[in-house]
Amino acid sequence: MPKPDFGFAFAPNRALDLSAPLLPEVQVVLETEPSIRACMACGQCAAVCTAGAFTPLAFYRLVLQLRGGDVAAVGERARHCMLCGKCQMTCPRGVNIRNAVLLMAALAPPKP
Amino acid sequence: MEKSAWFVWPFMLGFMFALVVLLLRYLWWLRSLWRRPSSRLLSRMFSKHSLLAVREIFSEGLLHLRIYKRNRRLGFMHMSLALGWFMMIVGGKFETWFHSGQFLHGTWYAVFFRYFEPQTAGGWAGTFWLHYMDLGLLLVLTGLALAIMKRIRKRILGIHSSTRHTLVNRVALTFLWMIFPLRLVAEALTFGQHGGGGFLTGSLGRCCFSSGMLAGLELPLWWAYSLSLGAFFVVLPFSRYLHIPTEMALIFLRHWGLRAAEDLQPEKALQAFEIHACSACGLCLDVCPAIKDHPFQSAYFLRALRSGKGWESLASTCLSCGACEEACPINLGLEKLRTAARGKIHEKHHAVYSYLPTVAPVETSRVDVLLFTGCMGRLKPATTKALKDLFEEAGLTWVHLDEQESICCGRPLSLAGRAGEASALREHNRNLIQGQQARMLVTTCPICLKQFRDDYGLELPVYHHSEMLWYCLRAGRLKREKGTACFSYHDPCELGRKSACYQAPRELLQSCGTLLPLEREQADALCCGNSLGALSLSLSERQALTSRTLKVLEVSGAQSIVTSCPLCQHNLARQSRLPVRDLAEVLAVTGLPEQHGQRTAALAAVQEL
Amino acid sequence: MNASEYLPKDEVAIIGGGPAGMQTALALSERGFSVRIYEQKEQLGGHLKGWHHLFPHGVAASDLLGQLKEQVLARAVPLHLGQSVDRLQKVGAGWVLWQGERPLGRAGVVVLANGFALFDARRKEEYGYGLYPSVLTAADLEAVFRKEQPWPFGSDRMAPQVGFVHCVGSRDLKCGSPHCSKLCCVTAVKQAMAVKSLFPEAQVYCFYMDLRMHGLEYEELYRKAQVDYGVRFIRGRLSEAAPGQGKRLHVKAEDTLQGRPLHLQLDMLVLMSGMVPAFLLEQQERAVFLKEPVFGSGFVPVQGLLAAGSVVQQEGLFASGACKGPATLPEVFADAAAVAREVEQYLKSLKAVAHA
Amino acid sequence: MTPLLWKDYQKEVPDNHYFFVRSCIRQTFFPGAEAALLDILRNSLGLDVFEDRRHTTCTGIAYHCDLVPLETIMTVIARQLSLMTEAGYRHLLVSCVTSFGIYLEMLDMWQHHPEMLEQTREALWKSTRRSFELPVALVHTSDLVYHLRKPIADRSPHRLVDKSTQRALRVVDHVGCHYAKIFPAGGFGGAEFPSVLSGLAETFGGEMVDYPERRHCCGFGFRHYLLQENRGYSLSNSRIKFESMEAFAPDLILTNCPGCNMFLDRWQYTLAEMSGKTYDREGKGIPVLSHEELAALMLGRDPWTLGLQMHQVQLEPLLDKIGIVYQARQKYSMLAGAASLPGEPSVLKVSFQ
């Protein structure tokens, strides 16, 4: 029997489930670039971001999303980064942002 | 040939084996060219380019002039080994031709000629060949002695670090070291028993090996010589000694117009030859700013590429400062290879820049200068302000292209091996620049400078602000009086080694003060540690490199450190005890005398707060 | 000559005449020890001289300083003003104090109380300190409050826009200061409130990473600033300051709670410069050098958890106050008492050994 | 001071003499349930429960959709109360949780704004020439069933226990938002510690599960559901509840509000169609019962007379577990003769014997 069209759909669950284990691909990113863990979401990266002037790219939010397991969204957004390194220069915690972004961008499904 | 010739077989088998393996490997590397020969390559093959290649093989493959220029002792070592062996190969051919009257012989004949024809006499010409061959042998033995010394105490050869070798390489090295002493002893014994010989072998034979009791040792010694030769040839195609034939092949291929690929293909075309042409001479080690902390120097990187293991971390921790490429005696394209490797690591990265605004064409009046300060320029307002003051002073009109919003030039992506991804950024900036009417483009960031020059194909000339200010100074548009200030100047990698701009900043500084000489500067300058090339170098590792660089820069007498790259300045300034300023700031502050007074007073007032 | 006999064992030399030095001197003097203060400046007071009023109660800094000075004078503590000690030499059980090649004095015990230095805000060039006159540090603003310096905006501005940037040179590995200076947060709140009381129409913004209101009544002050003074707290770091309209500054930041970039025109930008070491302690076997700090060098290290001020591996050398790390004035005063007690115990133990 | 707090949320429920008002949704979707409840109260327990056939909807649905002004709903409520007054009752028994919330709200408003009460009296008088008294007790049917849980359980031949394994059945409850979230003192246990359903289930021997999203809305939300564009929002909220209870593998969802009963039942089908997922382990869905349906089943009423064939998730597995004997063939035979079988969903498993 064909599925009926209800004319509406449910929104995916927004709640973070911290009891679920970290996704393996997230773990790989965190282990390859451990400095990501030092992020304290101060927002310096987003404040100076060259791409951030045009698109809602903000590295600290990528870190939060990555830890929340929102892998596809992180990957898609990380692809907007120009890798200019300005954020890395000003990051007070010394996060290797460029490497982290490259690793994050690889999380998105491959480009068609 | 009455004597038994069985002992030549180990050499012959080894030699044939090496020849076959080499041929197969080279054919495999060149498979794409084999299938689709390029007309350019073929046309260059039969032209002066081949002669030029022969000349380079002579100067670099045999004489090792570039190594010699950097380090005489090391250069002599390489030269004596290569040239001596070459002399013996060529001389051996001529000698056998001369004595037998026929040109073609089995390969073994020349190699073991002394065994077969110990008493050959041929008048003065025969004597010449005897002494000539001994000279070649002596040269090789001298090189060998130096090589052994280098293994024991590298300082004797004027180097601080040498490569650590793998097992195969050590085996090959052992056989190589055995070959020539064995030849010496074997020839000396033969001459001692049968008479004759040159100044080295003949004299040694007469004084030590003339006793009849030693006659039984003659054949075993020639066996040992042949065995060590044969064993070396068997190991050669799998050891770093593959560099000997590969370097020669590489020189030809380069002269015939073959270029390395942009992406990593370690078993294909020119890249394969480059990777295997490295002799691990160690020059890249000594110049590397991170030599004590990281083993990512090119010799190790290429070795990792050859083995296919571990190259990833070496590629992503390296600073890409370009010091090794500058030092490499066979001009390997190390930077390109490294970025190719990074691109391979991050091949899943695909940038999306569809959000970029479209550049609307603007109707503007013609100006002298288009100023582009780049991403980093926004963090350096003092530089931009100083530069604009200097433009005013020089009477130049300008437009600050990216005053409101800037887009990355694309070089950081290229350094990460994702050059292709940067095309959208380049396109955007190109539109921005081409919409304007100006005489030149000036950037304050050497990273942008390199990208604009190399990859943008702009019609108007691109200058770094140090070059541009230097032209102003020479043209008399800026006038400076030599003050009492003492500077030490830090050469940014991207401006110095990558863009060959050393003179302009130096002359600018000398025009207003004293520039102090440094232990390492210009092409030898150290990286500030903040290079965009390194992807996974941690902050503490970067800071350690910065302190090392600062140690060089904080020479006694220096009142301030001057540089001309926003990245270097930012990085050095946070860690330095001396003030670190951009060239433009220095020039603006040490401006005209009355301005000078005002400005320092204003600065002092603010600093006193 | 036996040097240890020659040295005045019971005499204590205090290096630094700020609140820590004065309070330690008083505490020791009350316990009957003879004390001397060596101060490099011509006046006592240290950083306290430059403050206008103090958090959380708004006491005038000059009042507190006056009280301290009075007590020091009343106790007739010998003062060596304008004398900068740069080397301490261990002789027997005591110390000889040097300024360059000149011996300044001798003492059985030395207490370091040279306090802290303020982070040089020019090292964060993107904030434009030293480049734009409207960018001040917290110390500059205190000078403005003390009327030693004019407001950076015109007197016609009744409703200035003012921004405070927290954590300038604190919690910043790149600047070599990984620690939290802990009192900039409450200082910013205090100063923001002061600006609001002087210019009730002003708009005041605090750009912070985390607000650390650790002290007694600080949290109350923070709430007061929000509710009664209308100071706006924005969680996010400033990216850069650039010239704006007229004499104003154009600043950009990320509001991390909204997740959006923000722009603002400001008449005054105040940088909360953190506390960094004022000197580097280079310890050698028989001498201690007080040197200019290098990148990333720390505060004076003290022994273990139980000791208040015994300097690591140096018998008879103590440290008091903010030279050991960021501290508030009440903390400095409490510390001075604890250090004095430790010095007393040390001297008693020496006597006991001598008698035995 | 927790005991004091608990005292606040204990409710006085009169033992007898009720004026009963019906629920629109229960009437429409679960018509057998109200009949069964009245039958239990009157015939099994011998209570005096009076119902005036002239009473109307409380207009709560329209009120929560912002379609009916306050004055109108007050007048409608006043009319219901006038019927109660006319019949000589002082205890109002409400079948619908939303109606229950509406009555509470109007009484509360009249208490704080006596002038509104006067206006309402005037409006009712002008339009119908009726007058009314305020009720002494306002009781939801679940309150009454909870209050009478012991006598009901004593008469019950069944228990909430798996007959074959003697395992207590796991019950998740869903207390409707309007029951105690608006006026916590109006219900047993308030909004935080709802006990009106859990107490009932435990009396029958079931095992209560305090799942994380127990207090979350069922997703009805009136205007969220009633506009088709917003319906996904309603569904998403229901999904949060199901995701939360899934891990506890409940045997039964127990509700007190007819709206919730319908949503938690019907949305299981919709979610299964949209996402292919059911929240039980066998793909049959989690059975949903309201308090009076549960009481009727426990007392041995026939499931089909009770109208359980109106549920989307089939109840036969639950009936089998409890050990209730039923005539499978009778399920779809209506008064007007055998009806045609309903269509079969593509995901949710059903069986027609």
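Think of it as A, B, C and D in the order they're written, each chain with its own count starting at 1.
We take it that a residue touches a chain if its C-beta (ideal position, glycine included) is under 8 Å from a C-beta of that chain, and two chains touch if they have at least 3 such contacts.
Everything numeric in this text was worked out from a predicted model, so none of it was measured.
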Shared touching partners of chain A and chain C are B
Distance between the CA centroids of chain B and chain D (whole Å) is 82
Rounded to the nearest Å, the gap separating the Cα centres of chain C and chain D is 67
Between chain A and chain B, the Cα-mean centres are separated in Å by 38
Rounded to the nearest Å, the gap separating the Cα centres of chain B and chain C is 51
Residues in chain A with touches to at least two other chains are numbered 48, 53, 89-90, 94
The positions of chain C in contact with two or more other chains are 126, 173-175, 240
For chain D, residue numbers touching 2 or more other chains are none
Checked against the stated definition, the touching pairs are A-B, A-C, A-D, B-C
In their shared complex, chain B is touched by residues of chain C numbered 122-123, 125-126, 128-131, 133, 136-137, 139-140, 143, 149, 173-176, 240-242, 292, 294-296
The chain A residues in contact with chain B across the complex are 32-33, 35, 48, 50-51, 53-55, 76, 79-86, 89-90, 94, 96, 98-99, 102-103, 105-106, 108, 110-111
Residue set of chain C touching chain A in the complex reads 126, 167, 171-175, 209-210, 235-240, 252-256, 259-261
In the complex, chain A touches chain D at residues 1-4, 6-11, 13, 15
Note: in the complex, chain B contacts chain A through residues 316, 346, 348-353, 355-357, 375-376, 378-379, 405-408, 410, 412-413, 416, 418, 425, 530, 532, 535-540, 567, 570-571
